[in-house]
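Labels run A, B, C and D following the written order; every chain starts at residue 1.
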Amino acid sequence: MKLDVTATLTYGFDSDTQVIAAIEAARSPDQTILSESLTISPDAVLVRDLHPETGERRFRAALSGQVEIRYRALVDNGNREPLSAAARQHDWSELPQEVLPYLLPSRFSPSDEFMRFAQREFCSIDGGGARILAVLDWLHEHLDYVHGVSHAQTTAQHTFIDRAGVCRDFTHLGIALTRALNIPARAVSAYALDLDPPDFHAVFEVYLDGRWWLVDPTRLAPVEGMVRIATGRDAADIAFLTSQFNCQCLAQTIKVSRAPEDAGLQAA
Amino acid sequence: MKLDVTATLTYGFDSDTQVIAAIEAARSPDQTILSESLTISPDAVLVRDLHPETGERRFRAALSGQVEIRYRALVDNGNREPLSAAARQHDWSELPQEVLPYLLPSRFSPSDEFMRFAQREFCSIDGGGARILAVLDWLHEHLDYVHGVSHAQTTAQHTFIDRAGVCRDFTHLGIALTRALNIPARAVSAYALDLDPPDFHAVFEVYLDGRWWLVDPTRLAPVEGMVRIATGRDAADIAFLTSQFNCQCLAQTIKVSRAPEDAGLQAA
Amino acid sequence: MKLDVTATLTYGFDSDTQVIAAIEAARSPDQTILSESLTISPDAVLVRDLHPETGERRFRAALSGQVEIRYRALVDNGNREPLSAAARQHDWSELPQEVLPYLLPSRFSPSDEFMRFAQREFCSIDGGGARILAVLDWLHEHLDYVHGVSHAQTTAQHTFIDRAGVCRDFTHLGIALTRALNIPARAVSAYALDLDPPDFHAVFEVYLDGRWWLVDPTRLAPVEGMVRIATGRDAADIAFLTSQFNCQCLAQTIKVSRAPEDAGLQAA
Amino acid sequence: MKLDVTATLTYGFDSDTQVIAAIEAARSPDQTILSESLTISPDAVLVRDLHPETGERRFRAALSGQVEIRYRALVDNGNREPLSAAARQHDWSELPQEVLPYLLPSRFSPSDEFMRFAQREFCSIDGGGARILAVLDWLHEHLDYVHGVSHAQTTAQHTFIDRAGVCRDFTHLGIALTRALNIPARAVSAYALDLDPPDFHAVFEVYLDGRWWLVDPTRLAPVEGMVRIATGRDAADIAFLTSQFNCQCLAQTIKVSRAPEDAGLQAA
C-alpha cells in the first residue's frame, strides 16, 4: 500500500536545548520511501543517524524558542502479512544474536513480573503464533481504550491492574506478556492509516518463525496501513522527541492517507 | 467451639527496644476468653491496652536482649456463621460511623486502583454476600499459595500481578477487591485450627447486613476454628510485633487445638 | 484569632452517588465554632457524623446531578502555639493508646522506608521538638513548591526523589520522616488564612510533650490562622470529598479572612 | 595488569532449560585475553555470541539437571586510567550514535525521576569529569554497603530512599544520577581483584571526552584490577545467567588474583 504521511510539530524550547527526534519513516526492508522532505523552521544544524540494522533514523539538533518541524513522506509499505497462528516459536539458541535483548524485561514491560500469569493463561495454547493471537484477544477483551488514565511513566503493571489505557499502554502490556512467554517482542512507533484522531501510534512486533511480525493490540488501525518509524525495548526508546530539558508542545498535526497506486512514479 | 491456644515467641532485642505486641485473643463480642496467661522472661513492665470498640488488646514494653513471650488461652469462639450469599450490601449512609474507614484504600490494599477490574468482574453478580463469595472464588482460582514470593512490603497490586503469595497476600487482595466494590473490609489476625504449619494467620472481615463476617481467602483453615487477635486496615495495623528497631526472631511456636466442650469449667 | 471561612463547592454526580464530605470545621478542643451554616442545593438528606475523640465532622449523602455545597463558619481558633524546640519526645509506653496508630507507616507516608535516612540525617539532634524543627528545615531547603508534578496517588517516596510537590506532598514526606524518628504524626486538613491561591490546605501534627502540635511544612500559611477540619493517617483519610464513583468538580471557591475580635458576639 | 580469573558455577536446572550466560571476559579493546578455557559438565551444545561493537561474549545452551560451568582466563587488562576531573562533557550532537541509548532512563536506573535532584545537587560543579567525581563522592557519603536490604528487582529509587545496598544498587543509582546530568552511563559486569568476599562485581562507565571511563561507586575494588565481562543499560542486561525458568544456584566460586607480569607467555 502507498501512504502519504505528513507530521507537523510545533514546540517551544529553552535556549539551545539538545533534542533527538525520531519522526522519519524507517528505511527498513519492509517499506520503501518513494519521496520525503524534512524542514525545520527556523533552520537548524542537524546530525542525522541511520541505524545499520533496523534502518530507523533519528536526527539530533540544538533548538531554541518556537520551532516547527515538518516531515512529509510518500511510503510504499509493501505487503504486511498479518501474524499467522502457525508461526513457530524458537528456542533461544535459534534466535539471531541481535534479537536476544528483546527477550529481557524492560522498564515499562517488566516481563519477569508476569511469568506466572502468562504461563497460567496462555501455555495451554499450542504454538507461538496462536499463543500471541490469544494474548491479543486477551488484551482486547480485558482492556478499555481510555484517555487520561495513564501517563508517560505508566508501566505494564499499572495497566494490567487498571484495565485501561491508550496505545502505549496496550503495547507495553502486550510486550510484557509476550516476553513472559519467552518470545521476543519490541515496541514500534508508526504512522497509521485510519487512526482517529490521527496521532503517532505505538504498536509492537513479535519474533516468530524467523521474522518479526507487526501487531496492533488496540485494533484501532490495520497493520497493512502502517509506516514504521522506530523500534526499541519499550516506549522510552521510540519517543518521537527526547529533549534535554522540558519543552512545550504548542501544536501537533499528523495526517496519513492512502496514496494512489501510481503515486511517486512522477516524482522518481 | 472451644480452642486451646499457645504462642511462644523468642526474640533478640537491642537494649531497651520499645515494642507493641498484639498476641492476646481479643475480648470481642464473638468470643469468650475462659482462661489465659501471659508471661515474659525475663520479666518486663507492661503497659496494657484494650480497644474500647473492638476489644482487641495489645501490650507495650521496652525489651532488651533475648526475651521469651509466652501466651496461653482457652477461648470459646462461639458459633461463627459462614458468610451468607444473601447478606445485604449497605448504602454508605446506613453504615455505622466507625465502619467508614474500612471503605477507604490503604497501603497494602489500595482499592482505588482496582475499581475498574472489580466492577468488570463482579458487578453482574447480585447482592453483597454473593459478590464477596465470588471474590473468594476468584482468589481461590487465580492465586497460588506459595512461600517466598512475597515479603512484608508486598502490596495487593503485586499479588494481583504475580498470582501467588501467602495468607497476608490473599487477604490484602481480598480486602482491596471488596472495598473496590464499595463494601467495607478489614484485616484480622487470628490463631487458626488446622493451619499447617501452625502460624499466626491473616484473614479478613467484610461488613454486610449489619455485621462483620469473617472469611479466609486461603481456605486453609475453617472460620469456625479461629480465635481473633487484632483488626485493622491491613497487615501494618495487626502485626503481632511492632518494634522501634529491627529485632531478631529466634524461635516461634504456635499451637492451636480443639478443647473438650467442658474445658474451662474447672478453671472458672 | 477569629476567622471567617466560606467554602463553595459545585460538583456533578451520576445519579444517586454516595459521598462522604469533610468540610466542616472540627469541634476540637483547640477551636470554637461561633456560628456556621451548611446548605446543599438541591436539598439532600444528610447523615451527620461527629468523631467522639477528635471532634471532626463529616456528612454523608446520596447526590445526583449538579450539586452546590456551601459551608460558612465563624471560628475562634484560640491561640495556637508554634512547635517548641524543647518539646519532649515520649517513649512508646507513655503515649495515649489512641495515638499509637500514628506511629505506623501508611500508604502515602510509608515511614518504614525512611528509617535509615531519618536516623542518619536527624538523630544527632537532641530532643523531640528540635528534631522536628530540623525535619521542617530540611523540607523547606530540599523541596520546591510546584504544581503539576504530583497527583492524588503520589507517595512520600516519589516526593523525596522528585524534590517537588504541593502541600499534600510536603505533608506526606514530613509525616513519613517524623514517624521514622518514632514520633507520632498525623495529617490535618484545614482552612488557612493567607494561602494564595485560597484552597483547602494539608498540614500535619506531631505528638510531643503530651499534646499534638500543628505544623505547616510548606510555610505558606501561619498555623495561628488555621481552622482544623479533619485528621487522619494521611491524605486518604482527610479528603474533603470521597465519592463512590468518579464525580466532576465544576467550581470550587474557598475564602478565609480574619474577623474582628468582637465578631460572633451578636450572633450568640 | 595481568589477572588470573576462575569462576565455577554449579546450578540445578529443570529438564532442557534454555539459558544465556555472560561469564567470559570481553574481547574489548581495553583488555587482551592471553589464554582461557570454558568447560560445561556434563557437556552441552553451545551457541557462542560475540558482540561486534563491545566485544562482549555470551553463550547459549539448553541445560538439564545439575550442571557445572567452569571458566578460567588469563587477561591483560592494560592500563585503566582513573576518571579525570578534567574530562569534558559532550553535547548530544557530538556523541557517537551507539552511545545515545545510554542517555535514556532504564528500568533500574530511571534517570528521568532524578532530574531535579541531580540539577540541584551537582550542577554548580563545572565540567563533566568533576561532576561525576562529585556523584561518586555523594554515593560514598550517603549510601551504606549492606547485604540483604535489596534484591534483583530493586531500583535506583529504592536505593536512593533506603540509603543502602550492594554493588548492583550503588551502580544503578550512580547510572541514574549520571544520565540525569545528560551524561551517558552504562552498567558493566566484571571480575575484580581484592573484592571481599570474591563475587561477580557490578560497576559502571561514563562517556566523557570521547571515551568510556570505568568507575566503581562502591570503592571496594580498584578499577585497575578489573576484567570486563558485559555491558548494558542496567543489571538486567548484564546478568551472568539468564534462564528461561527458575534455576537453583548450588555453588559459586570466583577467584581473581594478580598474575606475574610474564604470565601467559609460556601459554602462547
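By definition in this document, a residue touches a chain if its C-beta (ideal position, glycine included) is under 8 Å from a C-beta of that chain, and two chains touch if they have at least 3 such contacts.
No experiment lies behind these values; they were computed from the predicted model shown.
Enquirer: What are the chains that chain A and chain C both touch?
Expert: The common neighbours are B, D.
Enquirer: What is the distance in Å between the mean C-alpha positions of chain B and chain C?
Expert: 30
Enquirer: Could you tell me the distance, in whole angstrom, between the mean C-alpha positions of chain A and chain B?
Expert: So the centre of chain A lies 47 Å away from the centre of chain B.
Enquirer: I'd like the Å distance between the centres of chain B and chain D, where a centre is the mean of that chain's Cα atoms.
Expert: That gives a centre separation of 45 Å.
Enquirer: Multi-chain contacts in chain A: which residues touch at least two other chains?
Expert: Within chain A, the residues that touch at least two other chains are 113.
Enquirer: Please give all chain pairs that are in touch with each other.
Expert: A-B, A-D, B-C, C-D
Enquirer: So in the complex, which bits of chain C are touching chain D?
Expert: Residues of chain C touching chain D: 113-114, 116-117, 120, 142, 144, 157-158, 160-164.
Enquirer: Under the touch definition given earlier, write down the residues of chain A that touch chain D in their complex.
Expert: 18-20, 45, 47, 49, 51, 58, 60-62, 91-93, 97, 100-101, 103-107, 110, 112-113, 153, 182, 236-237, 242, 244
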